[in-house]
Each structure stands twice: as structure tokens, then as C-alpha cells.
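Pasting the structures in now, so scroll down.
Each of the next two complexes has subunit A plus one more chain, namely subunit B in the first and subunit C in the second.
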Partner chain A sequence: MFGYILRRLLWMIPTMFGITILVFTAIRLAPGDPATVMIGISSGGEMKGDVGYEERIEKFRHENGLDRPIWIQYLGFLGPFNIKPDGHPWFGGSGADPWGGLLVLDLGHEFQRKTMPIIEELGRRLQVTIPLSLISTLLIYLFALPMGIYSAVRQGTKLDAAMTVILFILYSVPTFWAGLMLILAFGASGLHWLPVLGLHSKDAADLATWPYIWDTIVHSILPIATLTYGGLAYLSRQMRVGMIEVIRSDYIRTARAKGLSEKVVVMKHALRNSLIPVITLFASILPILIGGSVIVEQVFDVPGMGRYAFEGLIARDYGIIMATTTFSAFMTLVGILLSDIAYAMVDPRIKYD
Partner chain B sequence: MSERNGGMKRGEVLLEVTDLRTHFRGEEGVAKAVDGVSFKLLSGETLGVVGESGCGKSVTAMSIMQLVPQPPGFIAGGSIRFAGRDLLSMSIDEFRRIRGNEIAMIFQEPMTALNPVYRVGEQIAEAVRLHQGLDREASRARAIEMLDLVKIPSPEKRVDDYPHQMSGGMRQRVMIAMAMSCGPSLLIADEPTTALDVTVQAQILDLIRGLQQETGMSVLLITHDLGVVAEVSDHVAVMYAGKVVEYAAVADLFAQPRHPYTIGLLKSLPDLAAPGERLHTIPGTVPSAFHFPSGCRFRTRCPLASAECAEREPPLDELPDVGGHSVACHHLKEAEAL
Partner chain C sequence: MTEPGDKQADFDGGEALSPYSKDYWDLVFEQLGRRKLFKLAISILALIYASAIYAPLLGNDRPYVLEAIDYKAYGQAQRTLYPVALSVGRLVRQGPEGYEADKSEGAEQDWEGALQAEVDAAENRIETLRSYLGPADTELLDSFQEKLEASVAAAGAGKSDEATALSKEAKEIAKEIRTELAAVDPENPEAGGHELVPQKSYPLFETITSSEVFFMVLWAFVLLWPLWNGFWNRALLRGDRDRIRKARRPKLVLVVGTSLAASLLWGQLVGGEMVFEVSPLKRGLTTNEVVATRAVFPPFSYGFAETSSGETFRAPTWTAESEIDEEGYYVRGARVPEPDPITGYKPPGAPVEVRYSEPPRNSPWRHPMGTDSVGRDLLVRMLWGGRVSLSVGLVSAVLLVFIGTVIGALAGYFRGWVDILLSRLIEIVLCFPAFFLILMVVAFIDPNTIPPIIAIVIVIACVRWTGVARLARGEFLRLREQEFTLAARATGVPALRTIFRHVLPNAIGPILVAGAFSVASGILTESALSFLGFGVKHPIPSWGSLVTESRSAEHWWIQFFPGFAIFVTVVCYNLVGDAIRDAVDPKMKVQ
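Our next item is the complex of A and B:
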């Protein structure tokens, strides 16, 4: 098993290589140019034809290495050489800052805030997104599994039918709409029970530890609810279907024929088998939560990674886009690996090595 | 393993099924899969239940074990008496103490009948812990003992195998070990050899017969294979369209079949002695359980069918000339000429 995990980790390297090349090429082929966006911003909306516009564009492109051939630029992203004017002498740089790129965990600086290292900002954003995603994943599994099992065992009852309808509706409701409805219902315009913007109150920095934590919890309720409901609906349906299939199988009949009580039949013989397909879904749920939080973070004004990716896209900030997509891709691969490991632990028929 | 016959001597009635009706609700109406089945199984004997697929023989077995999925299935009437107790009037909790303990069952599909995620030893030991209150260690020892009993080589190693590490024949042996682990007085075997290779079939039948001789248990053998019935049964019940049409001692049935359906079945056996001849077939197919014909249900395929057969259902009556041989047919005389 250890050898298998090691092999899988090594395989991630070429996979990540492929993913980054694809994304890198795609965003450069996409319409829009960071230089025009940036110059537009930094000169307060100055437009083409103004004095010195062309020169400033040239200067921006040169400073950020955007005037190099695309493969050199990719090398600059990957590292370990810095290919910008202050970079490694091999690439015509001054040698002031010879190393850079993903390999030395340097993802460059933001185009707009020139002194802000992207990796530092990404870390800050992840401190927001990762706890929200993990809590949401935990809640999804915590509620979806019992709900799925219950409605499978009580298949055909009124409660099962009601749950089916409600969960189907939840599954169909788009995230942005659900988020806005929650804001309308619980925010100042409705019941006025919960704050709807950001993760902290304005004066949160002045609060003592416990009030600060409470403030964070209260602010997190709606974003987490919005992150959770869709996955919850989906996973509990999957669990129900899996459980129903397992309950009809021959070995469940065998377990009943042994004289075991229905509780043991379901919780021992059926549960472990019906978990197998649900575990594989973990691989897709985790990265969707991290990446898919773009909308939720936007709606609730949460400064997480999803919003960072969105801001990067709007600004055509290649560095931010590459950083966020690379991280999402990495999380996807980690999710797949984790679910494969869990798979082997639940199902003895799966043997790695 | 304790020898247990439900406290009965050989030859006493262990299981008596009377007018059992197991129906299923479907979109087309009610399917009368089992519709008035009666038979007796004597202590220490083997009763073979034969018939084509869809005749209700498996549902009969499932009804005795109360494994018919409800809904859509339900027991519409009749009684099942086992060792003097009425199984159908018991609560499910009461019945669970009998199920897997005094009555055990093995199934047709050894490949899917074992839980793929638990070790075979645990699957055997589980029943022992439940019914006999043994602890983990003792139940594991019993599991090894049972695997040895069903002639699985190096059982102390195999006890930790998962089902996927075993062949079909081995898995059926494990199923038998599981069924035998609490020393049942009745073993229900539902097509136990159908899914297995011919050579393995014979081994499994020998095994069941050997275990029966050792323990004195009764066996209810469900099969469509007349060869298997001839080999191991003491009595035979022939089922057609949810009913028993003929019941007899095995020698009587094969020597002198009296129901036109039984006669047709025996004739359709491939005869090794006469190669090159066309095989005999019974024309038509088994009628749907939603729409059985009126009167005798076999009349739509019977060469002797008459107006009387459509009007009145023939009762399963004992023959006047042969004791213990019952047939449900209006045309016994004509059938002798078939």
C-alpha cells in the first residue's frame, strides 16, 4: 500500500505538468490582455491614443516577461529560473533575483499590487476557503449518509417520497439563486437573524476571543448552508440508490436467512457495501467545493480562493489564474488519491501493489 | 455439532405446508406465484420439489423462510407448521430465532450469496454467535470446524479468505458450512447445484447427503433437475403454475408417473441410450401467474384436456391403488396410456 501511494504521488508530477501546460496555453489564447487592463486601471481609465500609451504597454509587458516566447514564459511559471528582467542571466536577466517559478514555490507577484507575492495572498485566501469547504464536506457526509440509508430502508413510505421531492428540488436550485434567497430571508430585508456579508463584522478585530469566534460562526452559517445543500441532496440520493441496490442483493438475503436482525443486516452487511460508490464521490466533491465556491464567495462577499480566482480572471492576471487553477488541479488529484485509498480499505476485492 | 431433529424421530412429520398461498401485487394485478401448495416433509428425509422456472417452487421455499420481499409479496393464506409450531402466526422476532438456527437455507447463486466485504469465517461465525451465544474465539473455532466438515482443504487458512478468493464450488461449500453451523433440523436448498459445473454438482450433492446422514436433518431440495431429484430425494412434489400436481415416493414417481405434466417432464429428459432421436417437448409455455387458466392450470398444454378440465379444478387426491401417491388430474385412466 505504501509503495502504491508513493507511485501515485510520483504520477501526479507528469499529470500536473500536463494540466499546467494546458491551462497556461488556454488563458494566453483567450481574448483580453493584462497589459491593457492594467494600464487602464493604473492610469485611471486612460484609453488608447493617449500620450505614451504604447510605451507604457511595452514597458509593462517587458517587466512581466510577457514579451518573451510562450514556452519561455511557461518555463518562467514552472521555474526554477526567473525569466523577468531582474531574473537569471541565462535568460538575459540582471541576476538580482535568479530563481522563481512553481518549483521553488514562487508564483510571482500580482500585476496590480506589484509587491504582493501571489503565494502569500493565496495562503491567506485558503485559510478562509479550506475551513468552509471541510466543514461543508463534513456536513454533507454527516447528513447525506443517514438520510440516504433511512429513505432506502423505508423505501416507498410517505417520508421517503417527501424527502425525494425536497431533495430533488434542492438539487435543482442554482447556487447563486439559493444564496440570494437566503440573504433575502435571513438578512436585514427579511427576518434579520443573520449577517449576510463577509466573514466578520467591521469591528471584529476589537472583539475578545470568544465573541470573535461567535462572530465568525454567525457569519459562516449562510455561506456554509449554500455550499452544502446541493452536495447534500446529490450525495443522499446516491446513497439511497446504492443502498436500495445492495438491499436487493443475494448476500443480504443470506444475511437475513441467518436470522440476523434487520438492524444488523442493514448496518453491518448493507452499509459497508453501499458506501463503496459514495466514497468515490469524495474525489469529485472536495475540488468542486473548493473551486465551486467562486459563486458562493462572490454572493456572500467572502474573501476566499474562489473569489481570488474570479478577481484574477477579471484582471487577466495570469499569475493568479495559474496559481488558483494549479491548486485546484492539485486538490482534485489529492481527492482522487484519497478516495482510492478509502476504496481499498472498504472493499477487500481492491488490491493495490 | 449437535444432532437435532426438532426432537423428532425419523419418519414423523417435521414440516407440513397446507394450502400455502403467496401472492405478489404487480401492475397487471395480483400474481398468484404460489396458490394452494400442500406437502409434508418427514423427519430425516429429503423432499424434492421440481418444476419449470416460474412454477413457484422457489417462492415456496422463500415463504417458509419468510424471505419473500413484502411488499410486493404477501402470504394470502395457508399454514406452515414446523416441528409442531405454526411459523406464520409467529412474530418476526420469534421466527428469527428459528431462521438460520433450526431452519437454514442455501441458495442458487454461490457467486453472489456471500457478502464480498467480510471474510468467510466471520460470515459463518456470525450465525453461531447469534444463535448459540459463543464468543468470538469459540465461534471462529466453530467456523474452522464447519469448513473442515464441508471438506474445504486447510480450513484454518481458508477461514480468513474473502469470497472473491474462492471458486463457485468452494463458495457453495461455505454456504453449506454456514447453514450447517447451528445444526439445523431442516435444510432448504434452493437449486444448490444449478450454477455449478457438473463434476462440482455431484460433489455438492454428495456433501449434502453425507451431512444429512450424519445429522439426521431433513432436506427440502428445490430443483428443476429431475436427475438430481432421482439421486437424492425420498419423496417428490411436482409443481406446476403455483400448485403441486403430483406427490409421491421417488421410486413410485419415476416408475409410474400419473400426471400428464410429470409424464411429459420425464419424457423430455434426454435419453443417453437412444442417440439421434428428437427430444420430446411439452408444447406451449408456463402460463403467467397473473392470468392462470380456469380449472386445471395444465389444460392449455395437456394432450388429454377436456371440457371438465376447464370447469373444475382437479383436487390433489391420493390414488386408491398406491398409498402415498397423490395426483391432481381428472383423466388418470387416459394418462396411463401416455
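Our next item is the complex of A and C:
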């Protein structure tokens, strides 16, 4: 088991390598120049034809190493050498800051705020996104499993039918629309129960600990609901289908025939087997949450990683895009690994060697 | 697995009706036919697609038929004959050399071309005048045309003096035309002038392209399918199952062939072109520059880009808060203007302009789904927007099913290193958060080189094919070991033919199911991208981009209706996918 995990971890290295190369070339080959975007911002919207426009663009490119061949730039992203003008002497730098890149966990600085290390900002954004995603994942499993089981055990009843229909409908609701409708329903224009924008009130910094926590909780109800409902619907549908299939199998009939109570049959015999496919779904729920967070954070104005990625895209900030993409891909790989490990733990038939 | 006919066959010697064994598709359709929800979903989808395909016929600012006198066009043609004669005169005086020396830089026409352009313009105008004037009073026009042509001919032959003289005469006639052929002023008929003859035209149909005609005819077949299919099966084939089965392909050929023929015919006869203009015809009708004796407008007579300055963000007109008084003030709700408490000053209202063919100011049918930031009708924009959203979903699904099937088939059929390589590829693509990758690529694509919609379709297909590929791979791994594949290989059928003619038809069921679900996810993805601002270019609408018109909770209709359309479509596709999945399941119940 341990060897298996180690081997899987080692396998992740070439995969990550492939992913970063793919993303890196894709965004470099794509049109749109961060230099023009940045110069446009810093000069207050002045346009082409200004005095010194070309020089400023050249300077910006040189400072950020964008005038290098693309493979050198990739090496700069990967590390461990910093290839920018202040970087390692081997790459023509001054040697002030010789190391950099992904291998030393340095993802560079933002183009716009030159002193802001991307990894620091990413960490700050993740402090928002990771709790939201984790709570949402937890809620998905917490509600989906009992709902699926109940629905399967009471198959054919009216409650089962109603739940199936509701989950089916939830499964088809576009995320952004769900968010907007929740805002309409619970925000100031509707019931006025919950705040709808941001993660804190304006004066949250002055609040005491408990009111502050309460403020955060109230603010995150709607974003979490929007993140959760889709996965919840998907997972409990899967759970129901899996459970129904297991309940029909022979060994369950045997268990019932030998007089075990229904509770033991369902909770002990049936549940264990029907959990297996649901656990593997963990790997596919995680990327959905990450992708969904872009929209949810945009709708609810939450300063998380999805929004960071979005801002990076708008500003053509290669550093931010690479950082967020790499991180999401990494999380997806981790999700796949975790679900494989969990698979091995619930299913003793699976042997990894 | 027997038909009622069987018993009868036993009775009279077993020759009248042969027992019919149902094939795979018979069973699938039978299963689907039993599901009420499937039927409902497929009918709703057919209607949603119909609303998108027939959008130009349902919501348009051009009338189907128009019998009208365009006083503005007439007056313009009448007045501008003189300038035409003038510039012809200048051209013939200059001659080719003088024109070359004089012409402004970058002008591409040569002398003959310039002359021809003027002649064409004159012809155009004379055509307009003639058509409105009817049979009478064409003497002046005739002689004008004669002189102009003679002048051009003389200039072409090098007789420049003669040409100049002729062009002068033409100028004189043009002046005469200006005074003599004036039309009756519709507001002041006593002043005299020529009575004009209304012209019949079909302004809406002139904008329909032949590809649109293809889909319109095709969809007419689809909508009427129960009728003609039932007639064909019962009356022509007398319910004979074998003949019905054989008729499947001819039916398909007939439907597609007729649509194609209609589209080609349309291209030849009408050759309609999609035009983008902000309702000049309707404006003319409203200001009485165009006077119609007959005008038949579509049910919702707004263009998808037609703005209305007095009705920005107007709530659906059947709601109470949407009522507007004559001066353009809201009567109820939050938008009633409050006069300044001290000065008593009330901001000036913008009166609603009710244009020709539009419902009255406060009719519930005026804007049943409200308007957006510049007063465009949301319902009409949704009709047109469906075209983008629905076609993105469908085309991307077709593309990704194709990519996924080919890759999965190759991996599953050949196994070995092909499989290892392709499986690695699938794994790598799977590791991307798909939506994030799509967003990234679309954000970076330059909208001027590739239209964003095409980019979205391609990117969705390139990122989401992995699911279908894994499915196809599994199916092929299973099927390649079965006897029929072995038989095909043993008889020396080439590998590609085995894959596509023998194995693929047996694997098509699950792939179809995945296809139905990917249409739904394609629509969702497109709408999310449009919502984030990476979709169609303005002013073309799509359901997702309509939602972004306003994020304010006050404008609930803008957020509700387009999203609801997406939601209904996706629910229907998921229902259809579910039903097909159950129907093609090999474990399905066969009685």
C-alpha cells in the first residue's frame, strides 16, 4: 500500500510536467499581450502613438523576461534558476536573486502589483476557497449519501419519486443562474434574510471574535449552497442507483433469508458495496468545485482563487494564470489519488502491488 | 417477441403474415415510446429548437409583406438624379487621362469603372422612380436615360465634346424631373403632384439566408413527423413492419434531400442575405416617410438590436410596476420620479415611442419579458439568442462525440502501445479542471481572428472528449473479443472497416447517451462563459450573455428569463439522455 502511494506520487511528477508545458505553451501562443494591457493600465488608459510607448513595452518585456525564447521562459517558470534581469548569472542576470520558479515554490510576482509575490496572494485567496470547497464537499457527502440510501431503500414510494424529481431538476440548474436566483430570493429584493455580496460586512474588521465568525457564516451560506447543490444532486443520484443495484444482488437476499434485521442488511451488507463507486466520484467532484468556484466567486463577489484566476485572465497575467492552473491541476491529481486510496480501503479485493 | 399476427398465421396455414422479429432499434423505440416524460421532454425540445430556428419569422422588425409607398426613397431618387448627371458630365469632360491625374490617392476605380458606377446609380434611381410612378409619365425618365447613355457611349468612343453636350442635356432633364415629377405630399394632398403606386415587397424574407431555409424546412418535417410518418406507415406501407423498417433510410433521405433542395432553390431564387441595420423600415413607417397600405408584421415586431430610449430596463409589461404614463413617468413602484422637495423640480421624462406595428404603450404584450439597458425587447433577444446557445451545445457535442469515439475506438481496438499512449493522453486531459481550461483558452483567443462562438465550440470539444473516449474504449475492449469481430478479422476485413462497420454500430448506444448529456453540458458551459463575458460579440445575443445585461436585483426579469430557458433546455436534454440510457441498456426488459 505504502509503495503504491509512493509510486503514484512519483507518477504525478511527469503528469504535472506535461500539464505545465501544455498550459504554458497554450497561453504563450495565444494572442493578447500582457505588455499592452499593463502599459495601458499604468499610463491611465493612454493609447498607442504616445511618446515612449514602444520603449515602455520593451522595458516591461525585458523586466519580466518576456523577450526570451519561449523554452527559456518555461525554464524560468519551472526553476530553479531565475532568468529575469536580476536573476542567475548563468542566464545573463545580475545575480541579485539567483533562484526562482516552481521548484523552489516561487511563482514570480504579479505584473500589475510588482511587489506582490503570486504565491503569497494565492495563499491568501486559498484561505477563502479551500474552506468553502471543503465545507461544500463535506455537505455533499453528508447529505447525498443518506438521501441516496433512503431513496433506494424506499424505492417506488412517493417520497422517493419526489426526491428523484427534485434532485434531477437541481442537477440541471446552471450554476450562475442558481446563484443569481438565490440572491433574488434571499437578498434585499426578496426575503432580505441574508447578505449577498462578499464574505464580510464592510465593518467586519471592527467586530469581536464571535460576531465576526457569525458574520462570515451568514455571508458564506449562499455561496456554499450554490457550490453544493449540483454535486449533491449528482452524488445522491449515483448513490441511489448503486444502492438499488446492490440491494437486488444475491448476497443481500441471502442476508435477508438468514433473518438479519433490515437495518443490518442495509447498513452493513449493502452500504459497504454501494459506497465504492461513490467514493471514486470524489475525484470528479473536486475539479467541478474548482471550476464552479470561478463562477460562484464572481456571482457572490468572493475574493477566492477562482476570482484570482479570472482577474489574471483579464489582465493577461501569465504568472497568475500559471499559478492557478497548476494548483488546480495538482488538486485534481490529489483528488484522484485520494479516491484511489479510499477505494483500496473499502474494497479488500483490490490489491495494489 | 411475437406479434398478434402470429396466431392468425397459425390459423390459416402460416403463410399470410410472417412472424416479425424486432430488431435493436425497434426495441429501443418501443422502450422510449413507453416513457411519458421522454415524450414530453422531446416535444419541449422540438419547440425550443423551433423557436430558435424560426426566430426571424417570430421576432423581427421587418414585415412579412409590405405594400407601401416609400416617399423618402422616391424623393431621394428624384433629387439625386441631378448630381449623378453632374458627375457623369465631369467624368466625360476629364476623359481617362484627366481622371487618372485628378483622382485621389487610394481610389481603386479606373475611369471606366467610375463612369459605370454612375450609370448604375442612375439606373437604380430611375428604376425606383418608374416603379412608384406606374405606367404614366415616363417620357422624362426615358429621355434622361437616353441622353445619359448616349453621353457615356460618346465618351467611350473618344468624342468628348459631343459627350459633354449630351451630359448637359441630361442635367437639364434631371432638373425638370426634380420639379415635374414631385410626389403628392401625403399630409397635404391639395398641393398637387404625382399620385404614386404602392409597391409590394417581402422585406423579412429578403433577409433569410439559404442555410436558414434548410433548417426551417428540416424542422417543419421534424415538427410534423407524427403526421407524415403515421400516414406513410399506415396508409402507404399498411403497417407492414418489414417494409416500415426498410423505409427508414428513404425517409431520412427524403427529409434531408427536400430540405437541401429547398435551400438550394432559395439561394437561386431569393439569395437572401442576413442584414444588420437598426430598423430603417419601421422608423420610416413610424414617421410617415413610408406609407403602407398593407403591412403584415411578425407576432413580436422588434428587431433583436432595436433600441428604445424611453423604455430602458422596463419590467415585463404585464406587471403593475411597468405602467408608464404619457409623459414617460412610471406610475407605480420604485421608479416613480419624486419631485425635488424644495424646488419642486421633476426630472424630465422620456416619453415612450410607440412605433409602427408595436402594441400600445401599456399593453401586456408590448414587452412580455421586459427590456434591457437600451430598451431592447428581451423576448425577441431570447428567441435569437437561442440560436447561439442551442447550436453551440449541439455542434460541440457532435464534435466531441466524434473525437472521443475515434480515440476511444483506436485505443480499445488496437490495445498495446496505442492504448497506453492514448490512455495517458486521456489521463492528462482529465487532470485539467475542464471549465477552467476552456475559460482560459477562450479568454486568450482574439475575437477578430476566430469568432468567439466557434472558438468555444472547438475548445469544449477538445477538452470534454475524454468521457466519451473512455466509454468507447471500454465498449471496444469488450466487443473486440466477441465472435463477430473475430469473424470479421478472420475473413480479412481491414481494421478500419471492422471498427466502423462492425464494432461501432454495436457500441453506438452508450455513445449516444453520452452525446445527449454532453449537449446539455455544452449549453451550460457556453452560458457560463457568456456570463463571465467571453461569449458572443455585441449586439448578437445568447442566453448566457443576456443575463449579464444587469446584475442588479431590481432587474429580476433579465436574470430570470434567459436563465430559465437554459434550465428548461438542460432538464429536457438530461431527461432524454436518461431515457435513452435506459432504452439502450442491454439489460432492458423485453416482453
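As a convention for this text, the second predicted complex is superposed on the first by the 352 of 353 C-alpha atoms of A that agree within 3 Å, B and C clash if a C-alpha of one lies under 4 Å from a C-alpha of the other, contacts with A are read in each partner's own complex, and residues count from 1 in each chain.
By definition in this document, a contact is a pair of C-beta atoms (placed from the backbone, for glycine too) under 8 Å apart; a residue touches a chain by one contact, two chains touch by 3 or more.
Nothing here was measured: the structure is a model prediction, and the numbers come from that model.
Taken together through their common subunit A, the two structures put subunit B and subunit C side by side without a clash.
Looking at the shared chain after the overlay, A:349 reaches subunit B, while subunit C stays out of its contact range. In the superposition on chain A, A:310 makes contact with subunit C only, not with subunit B.
Contacts of A:176 after superposition: subunit C is touched, whereas subunit B is not reached. After overlaying the two complexes on the shared chain, residue contacts for A:269 are found with subunit B alone; subunit C is out of touch. By the document's definition of touching, of the two partners only subunit C reaches A:19; subunit B does not.
With both structures placed on the common chain, the touch criterion links A:253 to subunit B but leaves subunit C unconnected.
If you count the residues of subunit A touched by subunit B and by subunit C, you find the higher number for C. Using the contact criterion defined above for the overlaid structures, shared-chain residue A:298 touches subunit C, although it does not reach subunit B. Panel annotation: after superposition on the shared chain A, the angle at the CA centre of subunit A between subunit B and subunit C (CA centres) reads 90 degrees, nearest 10. Here subunit B and subunit C sit at a least CA-CA distance of 7 Å once the structures share a frame through chain A. Here subunit B touches subunit A in the complex through residues 65, 67, 71, 96-101, 104-105, 107, 109, 112-118, 123, 126-127, 130-131, 162, 164, 175, 178, going by the rule given at the top. Residue ranges of subunit C in contact with subunit A, taken from their complex: 427-428, 430-437, 439-441, 443-446, 449, 520, 524, 527-528, 531-532, 544, 547, 551, 553-554, 556, 559-560, 563-564, 566-567, 570-571, 574-575.
Interface residues of subunit A, counted against subunit B in their complex, comprise 156, 249-251, 253-261, 269, 272-273, 346-349. For subunit A in complex with subunit C, the residues that touch the partner chain are 15, 18-19, 22-23, 26-27, 30-32, 168-169, 171-177, 180-181, 183-184, 187-190, 196, 287-288, 290-292, 294-295, 298, 309-310, 313-314, 316, 321, 324-325, 328-329, 332-333, 336.
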